[in-house]
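The first chain written gets the first letter, and so on, giving A, B, C and D; residue counts start at 1 in each chain.
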Amino acid sequence: MAGNTFGRLFKLTSFGESHGRGVGGIIEGVKPGLELDMDFIQKELDRRRPGQSKITTPRDEKDRVEFLSGVFEGKATGTPLAFAIWNKDQKSGDYDNLKDLYRPSHADYTYDAKYGIRDHRGGGRSSARETIARVVAGAIAKLMLKEIGAEIVGFVSQVGEIQMETIPEDLSLIESTPVRCPDLKVAEKMIDYIDNVRKDKDSVGGVVSCVIKNAPAGLGDPVFEKLHASLGQAMLSINAVKGFEYGMGFQAASMKGSQHNDEFFSENGAIKAKTNRSGGVQGGISNGEEIIFRVAFKPVATILKDQHTVDKSGKEVVMKAKGRHDPCVVPRAVPIVEAMAAMVMADAWLMNKTYH
Amino acid sequence: MAGNTFGRLFKLTSFGESHGRGVGGIIEGVKPGLELDMDFIQKELDRRRPGQSKITTPRDEKDRVEFLSGVFEGKATGTPLAFAIWNKDQKSGDYDNLKDLYRPSHADYTYDAKYGIRDHRGGGRSSARETIARVVAGAIAKLMLKEIGAEIVGFVSQVGEIQMETIPEDLSLIESTPVRCPDLKVAEKMIDYIDNVRKDKDSVGGVVSCVIKNAPAGLGDPVFEKLHASLGQAMLSINAVKGFEYGMGFQAASMKGSQHNDEFFSENGAIKAKTNRSGGVQGGISNGEEIIFRVAFKPVATILKDQHTVDKSGKEVVMKAKGRHDPCVVPRAVPIVEAMAAMVMADAWLMNKTYH
Amino acid sequence: MAGNTFGRLFKLTSFGESHGRGVGGIIEGVKPGLELDMDFIQKELDRRRPGQSKITTPRDEKDRVEFLSGVFEGKATGTPLAFAIWNKDQKSGDYDNLKDLYRPSHADYTYDAKYGIRDHRGGGRSSARETIARVVAGAIAKLMLKEIGAEIVGFVSQVGEIQMETIPEDLSLIESTPVRCPDLKVAEKMIDYIDNVRKDKDSVGGVVSCVIKNAPAGLGDPVFEKLHASLGQAMLSINAVKGFEYGMGFQAASMKGSQHNDEFFSENGAIKAKTNRSGGVQGGISNGEEIIFRVAFKPVATILKDQHTVDKSGKEVVMKAKGRHDPCVVPRAVPIVEAMAAMVMADAWLMNKTYH
Amino acid sequence: MAGNTFGRLFKLTSFGESHGRGVGGIIEGVKPGLELDMDFIQKELDRRRPGQSKITTPRDEKDRVEFLSGVFEGKATGTPLAFAIWNKDQKSGDYDNLKDLYRPSHADYTYDAKYGIRDHRGGGRSSARETIARVVAGAIAKLMLKEIGAEIVGFVSQVGEIQMETIPEDLSLIESTPVRCPDLKVAEKMIDYIDNVRKDKDSVGGVVSCVIKNAPAGLGDPVFEKLHASLGQAMLSINAVKGFEYGMGFQAASMKGSQHNDEFFSENGAIKAKTNRSGGVQGGISNGEEIIFRVAFKPVATILKDQHTVDKSGKEVVMKAKGRHDPCVVPRAVPIVEAMAAMVMADAWLMNKTYH
């Protein structure tokens, strides 16, 4: 209700601010008996971590997840899985200068407008540290989805003006480059591009693409909880996301029906589509093809250039930037996109069990 | 849970198929004592109706809403507002040839995959007739929103390859053209374009843009129910929608932070943004500026050209199209987009009342 | 949220007032392909109907359910099952004298306090006609539960000062007496008792007991949605219910642990309890024994004696009673109790499917 | 959905087992800016603690709550309030003998039937330690309710065969006796009674009564979420509860309408009821009178006598009891009953704000 819970049957209720005791959540709907592969969960968290390479911020957060309940002898018991990732760095004094400032395109002003009170340190609840809880829940959703073989693969398809032309068949190289682009030539260009942005004390946006392989047909609910509508809400709920499209997306607007329709054919008794402009979903329900979607990220609002803004009293101030910040968070967003997609898929799968 | 309810506090639970007894729903969260302006509600329904002009299908559905409960002496009582729009045309025999057919890019195959049973007549539950219930609920949400002055204005900004360059200041001409594009020169081109598509027995997609004026700052919830994430889910739940973006949307991906950030300033004691690249939402919460978003529609799947597909048994068939169909539903989608936006805003507003 | 929806996966959202167009609802979670036995559903409705015998009110409502969606060729399709029972008798003029009156122990005053507006005719939304929707949904839940063999049997165990000592083994005679008490000797006494209450122009309360047979072990969720807590909420939501207990209920308060505990034993490989003081539920989860609970009903507030009360303005008035009213609604409450129990069990069963 | 969340707008999602890392929860719906009186919250927890006197178990748990998020400078920020109470005593070896045992009238067997896996140590999730989270959330709900002046007072009205005849006017002495009975003479008898039960190595049940003072008229929702139905679910969700009644409760079943109805009168412009047999709720909505209800607790299942039972394999075993256990938990249940009532009232109050 108040926006802290995601999902219907596979559910994450998250908590935490960037500078409180920590961030974490409660996960429900985990299959009783599921082996919780702690190495895998930690690896997923590590993929989100800043400081993975020169193109990301060098702070080493080393986020370690601690499970507080719901695990017994390494297995999920079916009771709520609570977990926390404790905040290390609690020098809230660093943030005193931001106390009454409304940073441009940050959530400072809107939180004050909504709540009339706000933990200003590091963005508080609107900090991207909140996404840590999503990565943990998403990792567990991925473990659940192994039972049906579904696999979720995200990658960076655009950084600023650099973009991949097509999705390559081979997605195996994604993790071999810090920018998480499977086309290594494009990846090189992206890295250079980000490097120049950093030197300019600026930031830049990008696009994360995602492919869900081996999802069975029949997932998703009609009308308001169409599979792509749930994926859309999931992605748009990630910090800095400005757009979502699946299949042909916005390109479909300029297409004709005869160009866009996916004709069916039959192969060894299975019904398949000749093309996949639909992006694996028809009428809100998966059709057994690959589910493909794209997520647009704006440039992060924190930049190292001076900016004009106001404080709480309306007084105009020039904001002197300092510190170290990621010029492009898009590569680090890949595991978050995957995590949200995994949660949507696990939830749709559990929901489907109730029909049969 | 099963996808038939939208909203948390302002809620629509919808029902109905294209060829059952009718479509309708139950609306909850309507303010007790609200005058239900039946003329207005009917007018909204009329805007969705086919047969409004030569560019839409000539069938005259004349959908009339009947309220079944929750109204007393013209006012909402606070109890559930049930309503129905009865189906007229029940010649289900017309659809016998579609009984076992999986139409390309329709939901026939996926519904069968999900449920194992399906009302094949006219698309059943996946029919766009279902959106009638949304328009009724949206009309009531609009009546609710008058109290805070918020206004929702949708229009067609693209049809196929024809698009408006910028959003004009003056949106007053939208309803003066059947294509619902506020720039009448562009509207003319769109009408010609659609006419050619019809002659080609084809269909075409487009984009609906939407502006929400006078929304107060503070609406929307952080994290998973960010205002734009709810708008996104709402829009993506409309039939044929393939993408959603707000503010600079996908363009933001190629922008720098210094180009994208909206600096604040102070005017007569009020805090405002110099620019509105954020699209009226920051950190998931409205900032008092205009909320702006765009919704991409694919071309409708039903075209009058022959198509290759399979039936339930996997046998390949050539589908001979017949009947009369809209070549471009985008203009008719405008009231649906507005309705969903109105519901999201009414819900966010009610939610906010619980904080104060 | 606003109290009109019951259930999580097997869900009823109800609508309607006693004097609007009708009452009805939307049912979700019905298994796709379920045969909807219309005769059975109508029979359940008939059991709730007034005028079944001299001990109930002689009005003949003949409530007929009409399904509006979700059914195709006699089977549920998995899409929402909307239904309505149309109100016949709409002489709202009869109620003008009640317009501003606050009847003792009715909901007139509290609805005004809550909503500031109220459909005063026949109790409006607080009328017992609302329970018709529950009986329809409960009938469908019973049809669902056939798959696991679970059966729900309600009966009257107390009317005023007349009560059964013990639950008889043989419950086959319940429907053979209008008072729905399986012990025919006690039933005779109850009928005489009610007859005297009627002659006195008074009303009387009673108790409905209910046994759920063949419920598998493992149903119900821990903590807040314990099976008996859901049953309790369900029963307490029925008009005129003042108490709920299961197993030994309030008697357990005066018992010792050594008297109350149910020891387990093993029989042919199955684990069973020697006694069933727990009432078939332990830790909120069914243990495979019979689930037994009792529901206390107050006497209906409408009596044919004069009563003192006030109107909206606070003016004291003597309420002259008229018309024909049931002196004891408890026998007619039996199908409603069963319906709510069936919905709880169907919901718990669907929920359990998501664990395996 | 899975039973770990209570409430709609004022919400607790709880986690934790008796022998994991700890118990805790996430609270949502707390008013932004609310002063969190930590002393008060801790005092409420202390009231639940074992070892408060010779009649309770002498273990000194000293549960201290730690808030993990949602608090800034002593005030709630409106973001989720996560909290934990860490488990101290983790000698899980003590429980090895219970590993495969199904204790009579405990949840061991039913958890295994449901989940197929179970943390057997100390009852796991079914342990009464889980109620700690409720007391914390209830304390915060009480702080919220101060704004409307509503006050919740629970007390013990029955222990085994000892019961109070009537509710005394003066409830100020409740906390002056360890048995929490406001009539000190009856309290003495209860203490003696419990002492004898302990010497017998047995346990005993009882009743907690609760009065909600100064609740405004208009709280509660019609139909399925009637105020007393929510209270009933809340109470029945507490470990060991077997029954709930409000107003005249089960006694109402033997009353006549003319005896039970509460006539209204007018006093200084306010509408009041001459009597309060309704228990402060009519038609599911509070009427401004005191809300009164009673909750029946069974004797705790753990007793120090030998009992016959089976293990997981079905083998019959004699359970040798050991350790120290409360012979009567009813006095310690008082703060839990109050906590659940406070949450229900805070939730109903927030819900009501959305109507106006």
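We take it that a residue touches a chain if its C-beta (ideal position, glycine included) is under 8 Å from a C-beta of that chain, and two chains touch if they have at least 3 such contacts.
All figures in this text were calculated on a predicted structure; none of them were measured in a lab.
Taking B-C and A-B together, the pair of chains sharing more C-beta contacts is A-B. For C-D, the equivalent interface within B-D, A-B or A-C is the one where over half of the contact pairs agree by residue number, namely A-B. Mean C-alpha position of chain B lies 46 Å from that of chain D.
Our note on geometry: chain B versus chain C, Cα centroid distance of 40 Å, whole angstroms. One finds 26 Å separating the Cα centroids of chain A and chain B. Counting partner chains per residue, chain A has residues 1-2, 4-5, 8-9, 14, 29, 32, 78-79, 114-115, 125, 222, 351, 355 touching two or more of them. The touching residues of chain C, counted against chain B in their complex, run 1-2, 4-5, 8-9, 11, 13-17, 20-26, 28-29, 32-33, 66-72, 75, 77-82, 84, 114-119, 124-125. Residues of chain B that touch chain D in their complex: 9, 29, 31-32, 78-79, 222, 350-351, 353-356.
Contact residues of chain A toward chain B in the complex are 1-6, 8, 14, 102, 104-107, 109-111, 113-115, 125-126, 130, 158, 160-161, 197, 200, 202-207, 217-226, 228-230, 232-234, 236-237, 239, 242-250, 252-266, 269-271, 277-279, 281-288, 296-303, 305, 307-310, 314-316, 351-352, 355.
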